[in-house]
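The chains carry the letters A, B, C and D, assigned in the order they are written, with residues numbered from 1 in each.
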Amino acid sequence: MHMMRVAVAGASGYAGGEVLRLLLAHPGLEVGAVTASANAGQPLGAVHPHLTPLADRVLEETTAAVLAGHDAVVLALPHGHSAALAAQLGEEVVVVDCGADFRLRSQWSWEAYYDTPWAGSWPYGMPELPTADGRQRARLRGARRIAVPGCYPTAVSLALAPGLAAGLLEPRDVVVVAASGTSGAGKAAKAHLLGSEVMGAMSPYGVGGVHRHTPEIEQNLQEVGGPEVEVSFTPTLAPMPRGILATCTARVTDAGLDPQALRAAWATAYADEPFVHLLPEGRWPSTGSVLGSNCVHLQVALDERVGRAVVVAAVDNLTKGTAGAAVQCLNLALGLPETTGLPLAGVAP
Amino acid sequence: MHMMRVAVAGASGYAGGEVLRLLLAHPGLEVGAVTASANAGQPLGAVHPHLTPLADRVLEETTAAVLAGHDAVVLALPHGHSAALAAQLGEEVVVVDCGADFRLRSQWSWEAYYDTPWAGSWPYGMPELPTADGRQRARLRGARRIAVPGCYPTAVSLALAPGLAAGLLEPRDVVVVAASGTSGAGKAAKAHLLGSEVMGAMSPYGVGGVHRHTPEIEQNLQEVGGPEVEVSFTPTLAPMPRGILATCTARVTDAGLDPQALRAAWATAYADEPFVHLLPEGRWPSTGSVLGSNCVHLQVALDERVGRAVVVAAVDNLTKGTAGAAVQCLNLALGLPETTGLPLAGVAP
Amino acid sequence: MHMMRVAVAGASGYAGGEVLRLLLAHPGLEVGAVTASANAGQPLGAVHPHLTPLADRVLEETTAAVLAGHDAVVLALPHGHSAALAAQLGEEVVVVDCGADFRLRSQWSWEAYYDTPWAGSWPYGMPELPTADGRQRARLRGARRIAVPGCYPTAVSLALAPGLAAGLLEPRDVVVVAASGTSGAGKAAKAHLLGSEVMGAMSPYGVGGVHRHTPEIEQNLQEVGGPEVEVSFTPTLAPMPRGILATCTARVTDAGLDPQALRAAWATAYADEPFVHLLPEGRWPSTGSVLGSNCVHLQVALDERVGRAVVVAAVDNLTKGTAGAAVQCLNLALGLPETTGLPLAGVAP
Amino acid sequence: MHMMRVAVAGASGYAGGEVLRLLLAHPGLEVGAVTASANAGQPLGAVHPHLTPLADRVLEETTAAVLAGHDAVVLALPHGHSAALAAQLGEEVVVVDCGADFRLRSQWSWEAYYDTPWAGSWPYGMPELPTADGRQRARLRGARRIAVPGCYPTAVSLALAPGLAAGLLEPRDVVVVAASGTSGAGKAAKAHLLGSEVMGAMSPYGVGGVHRHTPEIEQNLQEVGGPEVEVSFTPTLAPMPRGILATCTARVTDAGLDPQALRAAWATAYADEPFVHLLPEGRWPSTGSVLGSNCVHLQVALDERVGRAVVVAAVDNLTKGTAGAAVQCLNLALGLPETTGLPLAGVAP
């Protein structure tokens, strides 16, 4: 296979490190330039000691000059930095942005949640999303610019989409509580993220709809289920490095719904999806089972007493939730088979 | 202070061990007989090496003869065993049951969720519950038989009660997702509870309203908020030994509700409660902050976008969630100040 | 009991927080001023949300004026700050220093390991240490200045002292590998201490005798076993918030030593010590069993194949390893029974 | 590449699961029969939910008939079961045993540590071991029977071998303390391995030279450093699912040894080894950096004060410590490049 070269900007963070881990195992892509800002000049071994084969590669400054000349560039930067860089990279270069900058199509939503100017939007990198006019995948094949979804939106959107698409769930009574591992909060040193603080502890944050992933979740679900969809979303921090467990409930539109009919919506929606797995009845997803993999594990139940569906999704926030999605998008953009190089098996126990 | 003697039946489990830990620090109660079934004959040091001062105390068989002659007996047995034992203990002995046997007042509910005959009900040991005719506390002073609440019901009931009592929350649109540490699943060796399985992993269980704490939660909230209350309850297992974080949301009855008015309901309800703390605005509960303490930490927010209140409660499932509540009930039953011997500070980090 | 007032300087760190937790449960001591530097002006609830009863107490600036007028002052400051403060507090005030400043009696040792001028030494707060002329305890009764031992030195010194004192261990062939929870590294935000980094990971640090606790360990063991004692000490960071497990091995002086004779040295040495427990044969210490308690759990074995004794000690680095020792010293200095207010039972599971 | 088929016996345990995970990513090997005993008849998805692509494969009974007809068979069975099975598989089948049965060349050692008859020995599957007559690798190319090393012996032997081979370390003064994740203890449900027990706790086990890996470690090191080598080995259980951190110290033979000369022995020994990495000076191994990878990370220091070398090794006990070594041996036995299909990058954070 001809190896295409991929540069990674923002390679010293957790998302960038995971992109590099996946590229190392990819048979068609190879690691090109790796760049950083504060860590520029350091060897990768100093910031990502787990990337043994890249230990001696030196982080360069994040500039368009360094990133140019690759087949593709993955941006893993804080929001607000992608637009300027992307503008300097020619249209012949595929650019995949792991940050938030180009995810929201509504300027109003962006401005309500972010502190930088709206940069516009790019095709949204969630191939499996069953939008009104077919899978999102179709828009990603051969695309030159792709916005990689956020980690929570990945878990929540794929969990709820089939039921909303099928009209089985009330769009105005959706409640999501999700637990995330600490890597979702990034690698910047903050006292409340110290191991001493987080081990043995669960706590919520961004309560009351203020988390920035809220409008992204609603954008996705509205595309699937119509403009009435609104979501109560509460994220919590769990004592584990990786993983998202999203518990999503919604009132069913038909109180007498047959549980098998409910289940069938998910089974049908994802029957041909390589990365989205509806577990057999009776087994529930665990973040431990998807660690390091690009899979989404799902299960659905009907609580007939209260007339609500409960859908639970588990993903690895860094793999399918970020870097795995980025590589999946690269595959589509570059004309490779979509699953190339992406782990289907998790690392457990 | 005259020391009253307390026997603990089922002392080899996690709940029994926590009762013993609290009794060791109690200035008015002392440890009497400690009993077990499979572990009878072993020294406590072999099953609870953390209870250093009791290391040489030998576990006796759980029989009424061994338990008799104490001022009080705490039962920490699997459900189905309490009624027969309690019947053999005279009314002069205070009996506090940490198990489920006497919690539910509805035989129908019991039979829908449990596999043993309904044993009836005892006064419910949640002093802080604001029932229609005053705090539950009044029924516990001097009581001879008390049913200690379940761990999830403690967190969820105290989280939601003020809003339901004040008519601020829709009784038919209550959704609870709660995370529990593994000690809530007990000490019996099961493969899915191995450290290798649970560290780094979150997973749900008992999804769809089938968890046995569901009817207990609804019983409490119906007493507070009327017979229409129904709850969608999803418990999840978190990678930590102790702690419950309950994220409780409900649609508010008045879409234009002032956030401060919402908050005021909780502030008022718990202003005089020694163990229930509404945190200052902007701080959210963490299970890490209540570890080993008898406190409940609460916070409430209004998500005006979607018209839902979000209330989060953190408790230690073994302390306030079980053994601390048992000692609190003992204090009330035996005429001691309610807070005697109960830790208000958690062990952190 | 007349309550004596204790001020805590450096109350916003982990050591200071643990001192406050223990003072809250102490029947003879009450919390006086609480001070900090960067956090001065904040309520304690913002930095130690687990100290519920003190949530509204405001941290003052650390000055001698604020600390004066108490029966005792506990210093929990970075090294280098204690001498100047202590000099401003009259001799009528008991000062107990949790930092390193006054632990080393050798200026040469201090200067080899620390970057501030040697401040001299105070009586060393390890009551149980069996020095050549009796327990260290005798020097602490009524003392006005006490240096609280370091966490590793507590575990290692108490583990090895009986064998060295009895001449059973070769003083020049002592090897210690110890694992510590992350709270030992403090509360300052550092990237390598993030939860994401430490959960699931063990790593060494300070390898090759460079850790600052090395000279303190040797000072203690030389006092017990003579000037030839030297120690190879390797600390490691373990994925838990609290606890030290010290695995200490030394060649035995008599290759034909009877294992029971070895064991007897420890049994005799600690027979009357309330906080130091030699476990029954066959049970090994676990940091989980001493969490939050002031106990040291010990076990000893003879590896006859290779002629080495292996002694393992478990302590809570913040309790017996720091704040518990400080309170134990306060008790001795203030004329209270030595065990007053100190937990003997750990918090487990 | 022609795909060779590999059967896995004992596929329901942790070692078997990891072998399957690695086979799924291997370009030249494919998963054949998967067998178990108690779990026979179950789908793999029920016992290894992380192996998503194999979820529907059904575990068969472990019999020679089922295992026959493959290019290779990996045995991941409790000790005592491999000999009888292997005898029924023809010499044309490569058999790699992850258990202990064929590791020890001394019947006397076997009988001192195991409770089943000695089965003899097979070529020892540690390609990197620098034995007196060259690397062990030479004996593995084209071998038909290979004994995969134990997890602790892998870390300890590779850590100490270069120094012993170079005569820099005293063979009679070697002390090893190693911490292992809980998966090393297997998947059988035992109360002391419950998550509630192990999270937040470190404890030793098999103290005093009684751990079964002791004779295997000594066999390896004696082959490298001569018959006088003896090792004090203390394993400890750490609160993490995977990983071994081995802290190995030995007195240096030359008290005036130059630290760079010490380091050079390791640098030279492993310069051409793809999986063994001496880290740059100043960086220490972490189990977190090798999780899921086949790498060994090493660092060495000289404690000149006490005349001891300290070598620390980190491996993933299930990958390089078991299943990765098995695949590495399969590669050698089957004539594939040694590194084929084996991850060099760990999964972090």
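In this section, a contact is a pair of C-beta atoms (placed from the backbone, for glycine too) under 8 Å apart; a residue touches a chain by one contact, two chains touch by 3 or more.
Everything quoted here is computed from the prediction, not taken from an experiment.
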| item | value |
| --- | --- |
| Interface residue identity across copies subunit A, subunit B - same or different by half | same |
| Pair exhibiting more inter-chain C-beta contacts, A-C or A-D | A-D |
| Centre distance in Å when subunit A and subunit C are each reduced to the mean of their C-alpha atoms | 45 |
| Centre-to-centre distance between subunit D and subunit A (centres being mean Cα positions), rounded to whole Å | 35 |
| In subunit C, residues with contacts to at least two other chains | 14, 181, 183, 187, 194, 196-200, 239-242, 286, 288-289, 291, 349 |
| Interfacial residue positions of subunit A with respect to subunit B in the complex | 173, 175, 177, 179, 181, 194, 196-205, 207-209, 230-232, 234, 236, 238-243, 245, 247, 249, 251, 284-289, 291, 299, 301-306, 308, 310, 312, 314, 349 |
| Parts of subunit B lying in touch with subunit C, wherever the complex brings them together | 14, 17, 20-21, 24-25, 43, 45-46, 48-55, 183, 187, 199-200, 241-242, 277, 279-280, 283, 286, 288-293, 295, 297, 343-349 |
| Touch list for subunit D against partner subunit B, complex | 14, 181-183, 185, 187-191, 193-200, 239-241 |
